[in-house]
Every structure is written in structure tokens, then in C-alpha cells.
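Have a look at these structures, which come just after this line.
Shared chain: chain A. Partners: chain B in the first complex, chain C in the second.
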Partner chain A sequence: MKPSSVSFRALVVGLAFLLPNILGFLTFTLAPLFVSLAMAFTNWDLRLHNMFNGGEIKFVGLANFQRLLTLPDFWQYFGNTLFLMLGIPFSIAASLLTALLLSHQPKSPRRQAIPIILAGTGLSAGCGLLVAAGTAGSAFSLLIAGLFTLMFLGGASVGTGFYRTIYYLPNFTAGVATFLLWKKMYDPQTGPVNAAIQPALDRISALVTSAPSHSGTTLSWLMAGMSAVILFVGMRLVAARHAFDRTDYRPHRHQAAKRSVWRAGFVLAIAAGVFLLSRETPGFFAAAGGLKTPNWLTDYHWAKPALMIMGFWASIGSNNMLLYLAALGNVPKELQEAASIDGAGPLQRFVSITWPQLAPVTFFIIIMSVISGLQGGFEMARTMTQGGPGGATTTLSYFVFSEGFTTGRLGYASAIAWTLFAFVFAVTLLNWKFGNRAANE
Partner chain B sequence: MNKSKRPLTRKIRIFLQTFGYHVLSALLGVSLLLPFVWMVLTSLKSLTEVDAPGWFPATPRWSNYLEVFSQIPYARFYANSLVVAGWVTLLQVTTSALAAFSFSRLRWPGRDRIFVAYLATMMLPGLVMMVPNYQVMIRIGLVDSLAGLILPAAFSAFGTFLLRQFMLSIPTSLDEAAEIDGASKWRLFWDIILPLTRPGLITLTVFTFIGNYNSFFWPIVMLRSIDNYTLPVGMLYFDSVSGTTTHLLMAAATMSVLPMIFIFFLVQKTLVSGIQEGAVKG
Partner chain C sequence: MPIKGVLLLAFLGLTVASFGLYFSREHTVSGAPIVYMTGSPGPDGQEMVRRFREWLAKENLSDVDLRIDASNSDPSKVVIQGISGIGADLIPSNLGPDLRYLKAMGLLTDLTDVAEHGGFGPKTFASVAQVETGIDGRQFAYPTLLYVLMNYANLDTFALLDLPPPPPQMSFDEFEALGKQFVEKANPPGQKRRRFFCNAVSPLTMRRSLGLDTFNETLTQCTLDDPRNIRVLSLIHQWTYDVRLLPSATDMASFASDGSTASSFGPRLYQFAQGNIAIIAGGSYLTNSLRKLGNLRLAVLEPPNGGFPNAVFGAAMLALYAGSPNPEAAMRYLRFLASPEYSTQLIASGQGIPANLTMARHPDFLHPPDHPNEWGCNERFVDAIETIGIPYTPSPFVLYSVYHRISEEAFERFMADRCTAEEAARRAADGINAEIARTLEEQPELKERHEVLTARQREIDARRSRGEKVPLAWIENPFHRLYYQAQGWIE
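What follows is the complex of A and B.
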């Protein structure tokens, strides 16, 4: 066969395998992509251009984008999106901690399994008995003790895989059902969240307001002094440890002086903060009539934190945890052992060995989380708050939904979607530029 | 440092470490599962107990679960969700596997350029395409139909990418051996590559299925009549009409979460390694 007919044949075979996929790609991705880009520059509005009211669709240039960037809604919703994304570092940290916990299963001999199980059962049975005998003997505490026993037994007999499975469930099942579950849990009157917080808040405010008022200032002085001393001693200890670790390194004298000035300033600032806080809080509590539980989803300021708490719950045992687990398994054991022989503590081993080894995974996780965070928030907000109260939980994706499918301003909605894409693109570029460097160092 | 000095203290130390590890892990497990426990307990309450404090019903009312079916066409929602998720999964995994094979094992002019186009669109928010796609659906009359949910999801750039990663890790010497034996490309795909891609296929299958079972944005845009609702849209509808019958809503939520938990326990081992491998190589 001639070479050209060989490559033609290869092309035909290759395309034949690709055909069903590329049909979908062209119809539902590539074509809409260009249409959408074109739409972003038109005034296409379903209320003006429909079968009854055949107005002409016109190109309006950058008018949609101009409108977008000058109206306050867009910036509010963009701010909401960024605010909700503040939960990302916490989620990633929690995933890492969970993975660290899971990867640290001690290598205990097989025959220790039974004593471990017995000890765990004993512990929870003891707790259960104590609770049942005490005044707070509620069914709830027994429930916790029972659940704990179950977890413990499962983990001790099956192994790490059991915990991993349990942790992964909130993430795997996340959807409208779990959002509705949390919506009901956040209910200010009947939900379990406030029911759990209220007693604790009552106790705190009772404690604070019951402090004799005349001694308030003295007490504040005491607290400020104590916090200063504790901070100072703590910092000395850390510094001493540091110096011990690096025997070859001595800071220059004026460098050391500069550092102590900074330290003193830091301690003073914290102490002053403690003083003011402890002096003002009782009066504030008294004025507000004690600490009140928030109304969560219906409160303008608490709606976003409420969504973030739920998101946190759903993201601890996520894919990120699995990725970290896999990466932790790949950290060379020799490095750890060598450092341990050199006298490095667990924290130091983590900082100087494990964490740098995890950098590529962390980088990947951060990029993915930021990208999905920028586009996210619609499902939660639509199910739990409908974007409210007062637009407090409307994210950019929700904005596209309401403009494109509720109001019907298609041109405008496309402009929002493309602006969103511009953010995603910019973030990805920045991440690649700076993240790659950080990951490789 | 003096590890092997006294075996007894060492044993006790390991015992305590193991014990502490299990206590910590179990506590985290308990706190993550609590919302689910509340959901199930609430689903067994009676209407008067819903507003009362306390987690437990006086007597568990399993009949709540049956009552859900009489309140809303819940079985219908279930069936719709399973049909949509099932078809999408079948189509998407098939088209992705075929395309991934073409992108990873076959050589043809222009292949890499097309693949780069696929990759580039993966970064685009799905939202960008939804507005025009919805207009297309209106034109071809698929709004408010299950087919309108299935068709656009029948292919995915991500699925293609994922399976390609898995196929790239299969040694090319297999292809050469098959060629020498005179096997066609289809035989190579079906008998050799596909079986070796199993973990990737399972991962993609489960994620596609769960993703579409939970899918919310596109269905809520597309669906109008209650009979066509999928579970997520149906649950939202139930929430808007159920008023204070939280116990029934929680029963419905429990029933919609259960299949996912079941699937998860079934495949979790393969799934976990699939996720870890797919991303580490990616």
C-alpha cells in the first residue's frame, strides 16, 4: 500500500471510533460555545424577541459587559462567590488532617485487635453508664455512645478502609437531599443545630454577666497580664526549640534586637485586645440580653456562614482526602526515618518532609477547588435559600440561572457566563504561573 | 529512641497508640454521620413530634415512608432519575471509551489538535453552553422531556480525558503483539484495551451515574410537568409543598440517599483507587 492511503485508512478508523463522541462535542459544546459568545454581544431578550413580539435582535457591542460591571448586583454576587470560597482553605486543611490521621494507623500486631476492641467497647460502655446514671442521662448521649461503639468496632475489625468509607459518605451523597436535610437542621425553632448551641450560649452569657461588675476592670487587667505572660513564655519556648534545631545558625545582634521589638509589640497588642474585650463584653452581653442563636438561613449575615459550614461537612472526606491519602503513601519512608534519627519531632518532620512532598497534590487540589468554587453555589442556594435573604447567597452561577432562565435576558446571561469564564481562566493562569514554581521548590 | 529496650513498655505504647488512633477516627466518624442519623430519626417521627425537641420518636413510624408515595408521585421521580442516569451513563461511558481509544491508541493526522480542543473546553463552565443549548431544546421540542436531559449529557470531554489517561498507562507492546497476530483495531479495543481499563471504566460509570442521579441545574431548567421530575427536582418540589411535614421530607431524603450509599459500598475499593490513579497521572 502507498503511504498516503495508509494514513487515509488510519484517519478513517480513528474518526470512526471518535464519531459518536465528536457528534456530541460539536452539537452540545463547540457550536453552543460560539453561539453563546456571539449572544453575549447582543440584546437578545426573550421578553422582547419571541414569537408574539418579533423585535429584531441587535448586536450591541460591549453594552452587556458595561452594564454588568457598572451595576452593583454583579459585584455583590461576585463578592458572595468569593466569600463562600473562603471555606476552601479550611476544607483542604481538614482533608489533609483527616488523611494524615488515616495514614497514621499504628502497625499493631494482629492479635492486639481483640484487646483494642474490648477496650473501645469498655470505654463507650463506661461513658454510656456514666451518662445514664448522671443527671444528663438523655437518649441522645446514649445514641452518641452507641454510634461511637459501632464506629470503633468497625474500624478496629475492618481497618482504615472502614473509616475512609464513612468519611467519604457526606461528599458522595451531597445533593438536593442532603441540602434539604441541612435546611431543616438549620431551622431556628425546630432544628437540632440551634437546640444544641442554645444551652452552651446561655451558660456562657450567664457566666459573663454574673461576674461582679465592680471587679470587672481588675479582672480585665488580670486576664490581659496573664495572656501576655503565657504568650511571652510560649514564644520563648518556640524560639528556644528553633535555636536548638539550628545549632549552626546565630542571628545577627541587631537582627535579634529587631525581632524582640516585634515580639514585644505583638504581645502588647494581644494583651490590649484581651483587656478591651474582657472589659467590654459583659456590658455588651447585658445590653443584648444574652447570646442569641442565629436565624442561620434567613439571616442576611448568617446565611453564607451556614452554607459554608454545610460545605465544610461535605468536603472533609472528599476526593481531596483520597488524593492526599494516596500521596502520603508515596512519601518515601526512608526520608521520614532519616529525619527521625536526626532527632526531628513529628511536627518538624511534617513541615520539612511531608508537606513539600505533597506540594504537587496540594497545587492540583487548590486549582480544582478554586475553579469549582467560582462556578459553584447554585445548587445549595437554590435548595436552601433561593439566593436570599436579600441576595446574600446569590452566586455568579445563580445569577446566570436567574437571568438566562427566569428573566430571559439571554444576551446578558451569556455576558455573565463569559465574565465568569474570564475569572476562571485568569485564576488558572495565575495558579499555573505561581503554583508551579511553589510546587517545584 | 530506646525502642527495643523493654518489649513490654513498647507493646503497651503501641497498644495505646492504636487505641488513640481508633478513638480519634471513630469520633470524627460519629460527627460526620450525625446529620444522617438525625435525618433517619426524624423520618420516623410523627407530625407532633417533629417540632418537639429531642431526636427520638416515641415509636418509630415506618409508615411515613409509604406515606411519601401517596403525597407525591415519588415512585415516578425515582423511575425518571434511574432512567436518565442509566441512559446517560451507558451512552457517556460508551462514547468516552471509543473516543479515548482513538485518542490514545490510534495514530491519525489531526488527532492531537482535536484532543487539545477537547481539553480546552473542559475549562469552560457548563453554564456558558446552557443558555444556547436551552434555546436549541426549545426549537427541537425536547423541553420538558427526559430525552432532553439525556442527549446533551451523552458525551463528555472529561470522561474522554479520564479514560484516555487510563489507556495511556497500558503498555504499547500489547498493540504490537495484537497487530502481529492480525487482530483488527476493533478486536484490540474490545478484547485487550477495554478489559485493562476496568478501574477507569468503573470510576467513570459510578461518577456519571451519581452525578446524573443528583443532577439539578439542567433538569430544573428543562422540566415543567411534575410527571417528568427527577428526584432532585421532585425533592425541591416536595419541600415547597410539604409545609411542616418535615418527617415526610426526611423520609423522602433518606430514600433518595439510600441507593447512592448502596452503590458506594458496592464499588468503593475500585472507586478509591480509580480516583487516586486518575488524578495522580493527570
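What follows is the complex of A and C.
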């Protein structure tokens, strides 16, 4: 048999195996994609045209997009989407932290597990005693706090597959089931979230109420002073470090200057933050006497943060964590050991070796998180808030659904979907342009 | 075995399994045609299916395998499945305007002729329900039950607090005065209020009682920016956050987590039975669920009014899906709905008011033998349908789901203190009027009608400003037709 006929035969066989997948992709992904693009430029409305109605569909040019971009609600929903995306950096940080904790392999896990088991037993016994004494609320708070502590301690010291499984569990759970659970947890009166927060708020209230009336002003002045100290000391440290890093080699000198600018900016931000907090302190003292737990999902201002907190929780054990775990396993041990021998501490090793090695994965995670962030929010809104209160949690994806199937305007809904795509595409391009360079430096 | 062999084997296995699955499907082995009906689950539904099959046997009609699809009654699912060609044979609708939306999409079968000959035409149910089931003079659905949104009062709750039973009619001021009395007595002083006078009030009913509807007389413009609507919004805010007669959205969310899933109507019934809510808004369809919570002494009250008593009236309906593979069999169930057997079962189950008002006046419905605590309630519901019941306003220029969403969102923003009552009213009116303009742009064929009606509206306004009467035929809005008649403004 000729080699060409063999390769042709192999090609045909390969294509035959791929055909079901290719056909599925063409039928259920690519074709609808093009149809929806065409629909975005038409007046397709379910009342005009569907399998039972043969009304004429008209080409309307950019009218759908023009209407959309001049609609104030669209910008509100776009703002909601972006607001929910503010949680992405925290989520990435959480998944990285989790991965770091879970990648730690202790030398003698059994020995280190003993104190955790003892602490868990003690905690359970304490909760049991509190419940028996009729203080179930305190027992619950203790249980929640203890559980978190134990989880973090356990991850840090044991770091075994068992903990990895536990952290990854939320990813196995169906989204809607999780959202319903969180809806219950956010209940303002009977939910465990407020039950855990309320005792702390009560104590702060009691403390503030019993404090002398001028405490707020005094603390405000103290914090303002502290911000000045942070600024002064911080800048001195930055200057000292810059002097230490100074070199005659031009490329390194440029990089050292850049790092110093970043450090100075960081110090400035911290000092400004403390100063701004000092301005708010008297107001906080005035209001803290009657601190109340939030009405999470029914309060206009709290609904979005509530969803962000839930997203943050989900991200701790997400696929991002798995990616970081895998990437951490690829960080060369020789580099870490060399740095240790040179006297670098854990933080220095992380900043100078681990973090740069993780840059490509972080870049990938950022890209995917931004894409899913722009597209997300539908399930949460549909299950937990119906887009309310007052449109506070209506995201663009929920808007696509409601315009498509509540009002039947498929052409308009497609225009929203493609506008969303344009945003995603533009942001991804920007990420590639700037993020990719940063990741490879 | 080479990998190609494994894959081929898997392919063959899957093919055999697919055929096996197909031939073992129930519809291929069922003896009777299968009819899917989207609806609520529960033993009453199954009991109705049993009665239906008994009725078929009695009427010598061939059997139908009626199956209730409990998980797809959500309106958006009905639309998605309908336009995809996989809708249930019998589609539910609880609102006349929603039925119009389904009809506009072509999802419904015109039943007019077949209903006339089949014994389930408009003559077999209350004439007031024809507003809901009929579109442009054609019948597209059959009512399964009627409802009118009134208030149930738990008389035991009032008695326990040594308060007199509430009167059947209350003005806004009377409602507020009695409500204040209730919440002050029911809640310990100095503590957060957990017991409420009423679970909710309807902004629509309240503004209608002041002579204002969502739309003007000719349905050409939204009128929610009227000062009367601003007054209604302010009152509801005051009742919710100042005097705390009504629970806020947060309070309601809290009720939802009290483990009170005793009924499909949510936690409000449980709170009502517990005495934490003295009055709940709803229709007689709640009776079935209330029975499960004990023998509560009940009374039915009209919603609070500002001078013109009214209540929202509607019908739960079933329509025949245009893509039904078994329309003949499905229509047999619509015929059953018109039978005394159906109404009898409906009366026994306490799930709603029979569409046939003669059956609704049946002693077993007005005075259920096993439930003397309910006596008098159904009578008030039936009376209300014939006296103060007004359906939701259908507009040819804007979808109900659209204007409902816009007005609800404005209302929520106001209740969340994101805007003033004036701003909320303006926002709702502007949003809905913009939708009307958009509909006219998208459907130019409606423009001419809109222009004619707008001119007529100007004439109505001019006449009213001079204190003159107007012809009834000029008025398209069902609310304004009744209101004008009640005020003596009709020629």
C-alpha cells in the first residue's frame, strides 16, 4: 500500500471518529452563533415569527444596538455586572491562598494531625456544653469560627488529599442547590450568617455605647497621626530599599526604579486609606450604638455584596485552585532550596520565586475569570433575587434572558448578547496586550 | 483489542441501548393517547385525573392518559417549550394578558367553533370570565376556576387580642387605624415588630379605588405619574416602614425560612395560621391550603379602598397548544372542565370558585358541610366577582409582563429608599410610555389604531374637563368602563 493512501485512510478514520463531535459543534454551537448574529440586526420578535407564526422578519440595521446603548437600564445592568466582577481579585487571591495551604506537605502529618483532632474534639465538647446550657447561639458562633479555624489550620499543617477533596467539594455541587442554600443562610432573621455576626455587632455596640463621648474624635486624631507615621516611615523604607537596589546596569536600574515606584504607591495607598478611615471614625462611633445585621438579599445596597461573598466562597475551592495547585507543583524545588540557602524567608521566596513562576497560570485565570464574570450572574439572579431589589442584581446575562423570553424580543436579546460579547472580546484583547506581557516578564 | 474495535463496540452498544430505550418508553406502550397538562402537583391534581377518567367512561368517550407536568408551569418555560414545538398539550395561564401574549405568538388553538359544538363554549361559564378567555371575540381557553383577590382575616387572631372582627369594607384611614391598634396590641412594646396586620396590599387595587388605573381610558398612555399613584406609594411605604402594619421584603424573606412550607402558597399562610399575620391577601384558591393548617375561623374582607371599592378579578385557564399531537384527546379534558363532575370536585377540594356561577352558588360551595368555619367566605368571593371584580388591564400597545416589570422595579426602588414616590411614579410612567412608543415603532400596523384612540382620548379629556358625559363605547379600559358607570359619567 502506498504511503499516501495509508495517510488518507488514517485521515478518513480519524475524521469518522471526530464526526459526531464536529457535527454537534456545527449544529448546536456554530450555526446558532451565526443565526444569533444575524438576528441581532433584525426585528425578530416571537410574536412576529416562530414555528407557528410566519410573520416577516425585517432587517433593522443597528437599531437594536442603538436602542440598547441609549437605554439607562442597560448601563445600570452593565454597572451591576462590573460591580460583581470587583470580587474577582479577591477570589483569585483566595484560590491561590487555598492552593498554597493545600500544597504544603508536612514531614510527619500524623503527628501534626493530633493537635487538630484534639482541638476538634474540644470544640465539639464545648459546643455540646453550650447547647446543654441553653446558649445555642453562642455555640453556633463558636462552631462556625472553630470550623473555619480548623479548616485553615488543617490545610496548613496536614495538606493532604482529604483536605483537597473537602475544598473542592463546592465545585461538585449543583449551582442552583448552592444558591438555594445560601439564600437560606442569608436570611436576615433566622439565617446562620446574621446569627454569627449579630453577637459581634452587639459587643461593638455595647463597647461604643459605654465608651466616653469623645472617644470617636480622639481615635480619629490618633488614626490621622498614624497615617502620617505610615507615610513617613514607609517612604523612608522605600528610599532605603531603592538605595540598596541601585545598580549601574541599565536594564536592572530601570526595573529597580519601577519596583520602587510601585512600593511608594503602595505605601501612599495605605496611608491614604488610614487617613480616610480616620475621617469616618466619628460617624462610625455615632452610628455604632445601634449596629444591625444586613438584610442581605432584600436590601438594595447589600444584595450585590451578598452575591459577591457567595462567589468568593465558591472560588476558594474552584477550578482556579486546582490550576494553582498544579502550577505550584511545577515550581522548581531547586530554586526554592537555593533561595533558602541564601537566607530568603518564606515571604521572600514566595514573592521572588513562586509568584513569578505562577504568572502564566494567573494570567490564564484572570482571562477566564473576567470572561465568566462578564457572562455570569444569571443563575444567581434567577434563583436568589429575580434580578431585584429594584434591578440591583440584574446582570447583562439576566437581561438577555428576560428580554428574550419575557418580552419575546429575540432580535433585541441577541443584540444584547453580542454587545456583551464585544465587551468580553475587548477586555480579553486588553488583557492579552498588557497582561500577557506582564506574565512573561 | 485495538482502540478502533473498542469504539466500534461502544457505538454498537449505544445504538442497541437507544432502540431499547425508545421501545420501552411509556408512550409507545400506553393504550390511550397521552395528554400532557402543565399544572400544579399534589393529590388534588391526581384526584382530578381519576375523576376525569371516570367521567370519560361515563360519557362513553375513549380513554385519555392525562399526565400532569408539574415542573414546567413557569411562564417563561411555557414560552420556550411552546416555540420549540415541545409544549404541553394543555397550557395553563392565570392572567388574561398572559394568554394574549401566548396567542400573539400563535401558540394557542382557536377553540371557538369546536367549543360551541363540544359543550364548552362561553355559555357554560360566567360571562365576566369571557374577558379573560376571549381575544377579539374568539375563545382561546377554558377557565378552570375563577378568583378575585380579596383579604382573608383570621378571626381567632383578633379574638385572642380582644379586638373586634374587622369590618368587611375599610377605607384607607380605617385600615390604618385598625392596623395600628392591632400591631400595638400584638407586639410587645420596645421590641422589634414580628406580628403584622396584613401581609400585603395591592397598589393596583388601591389606585383603582382612587379612580386611577395603570393606563388611561383608551389604553394609549400610562398614567402612573398621577398624584393619586404617588399617594398610594407613599401610603404603602408608611404602612410598611413607619407604622409597620405590613411586613417589609426582608420580613417576608425571613418568614420564608421559618420552616413553614405547609402549603404551596408559601410561608404567609403558616404565619397567618399562627396569628403572626392577621389578614392575608388572596383568593378563594387559598382555602384548600388553609384547611391543612386547622379549622381557622375565617372572614373575607374587601381590600382597603379610597372611595371606589374594587378587587382584581381573573381566571385560571387552560388553553390547547397549537402543536399538540393529540388535540382531540386534549379537548376532552376541556369538555370535562365544563361538566358538573369537575365543578363538584373543585368545590370539594376548595381550590377555587367554579367557572360556572350556578355551581358557584351551590350550597356545598357556599356552606361547605365539613368546614363551618368557612361559611360566608365563598359567598363574599362570588358576590365580589359580580360586583367589584375588575380584571388586569390588557393593553394592545405594551405587554403585561413588560409593564408589570417596569412598575414593580420602580416600586422596589422606592421601597428601598432609592428614590422618592414622585420619582418612582415618573420612572414607571416614562418606562411604560417608552415601551408603548417602541411597540408602535416595531409594529407600525398598530399606529393607526393608536392615533385614533389618542384622538378619542383627547375628546374624552375635553369632555370630562367640562363635566360632560362620554359614550361607553369610547372607553377601552375595563376599569374605566366600570368606574365611569359607577360615577354616572356615561351618556
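Note that the second predicted complex is superposed on the first by the 288 of 441 C-alpha atoms of A that agree within 3 Å, B and C clash if a C-alpha of one lies under 4 Å from a C-alpha of the other, contacts with A are read in each partner's own complex, and residues count from 1 in each chain.
Criterion: a contact is a pair of C-beta atoms (placed from the backbone, for glycine too) under 8 Å apart; a residue touches a chain by one contact, two chains touch by 3 or more.
Fair warning: this is a prediction, and the values are worked out from it, not measured in the lab.
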item: Contacts of A:Ala413 with chain B and chain C, given as first, second, both or neither; value: first
item: First, second, both or neither for A:Ile371, with chain B first and chain C second; value: first
item: First, second, both or neither for A:Asp45, with chain B first and chain C second; value: second
item: Which superposed partner A:Tyr300 touches (first chain B, second chain C, both, neither); value: second
item: Which superposed partner A:Thr393 touches (first chain B, second chain C, both, neither); value: neither
item: Contacts of A:Ser220 with chain B and chain C, given as first, second, both or neither; value: neither
item: Chain B versus chain C as contact partner of A:Pro170, first or second or both or neither; value: first
item: Partner chain(s) touched by A:Lys184 [first = chain B, second = chain C, both, neither]; value: both
item: Chain B versus chain C as contact partner of A:Ile316, first or second or both or neither; value: first
item: Dominant contact partner of chain A by residue count, chain C or chain B; value: B
item: On chain A, positions contacted by chain B and by chain C; value: 13, 17, 184, 187, 189-190, 401, 405
item: Chain A partner contacts - residues on chain B that touch it in the complex; value: 14-15, 17-19, 21-30, 32-39, 42, 50-51, 53-56, 94-96, 98-99, 101-103, 106-111, 114, 117-118, 121, 123-136, 151-152, 154-155, 157, 160, 185, 189, 210, 213-214, 216-217, 220-221, 231-233, 235-236, 239, 246, 249-250, 252-254, 256-257, 260-261, 264-265, 268-269, 272, 275-276, 279-280, 282
item: Of all residues in chain A, those that touch chain C in their complex; value: 13, 17, 43, 45-47, 50-53, 67, 184, 187-191, 295, 297-300, 388-392, 401-402, 405-408
item: In the complex, chain A residues that touch chain B; value: 7, 10-11, 13-15, 17-25, 28-33, 35-36, 39, 98, 101-102, 104-109, 112, 115-116, 119-120, 123, 139-140, 143-144, 147-148, 151-152, 155-156, 161, 163-170, 172-178, 180-185, 187, 189-190, 192, 195, 313, 316-317, 319, 322-323, 325-327, 361, 364, 371, 375, 378-379, 382-383, 397, 400-401, 404-405, 410, 413-414, 417-418, 420-421, 424-425, 428
item: Complex contacts: residues of chain C adjacent to chain A; value: 4, 7, 75-76, 79-80, 83-85, 101, 104-107, 248-251, 253-254, 256-258, 322-323, 399, 401-402, 405, 409-410, 412-413, 415-418, 438, 442
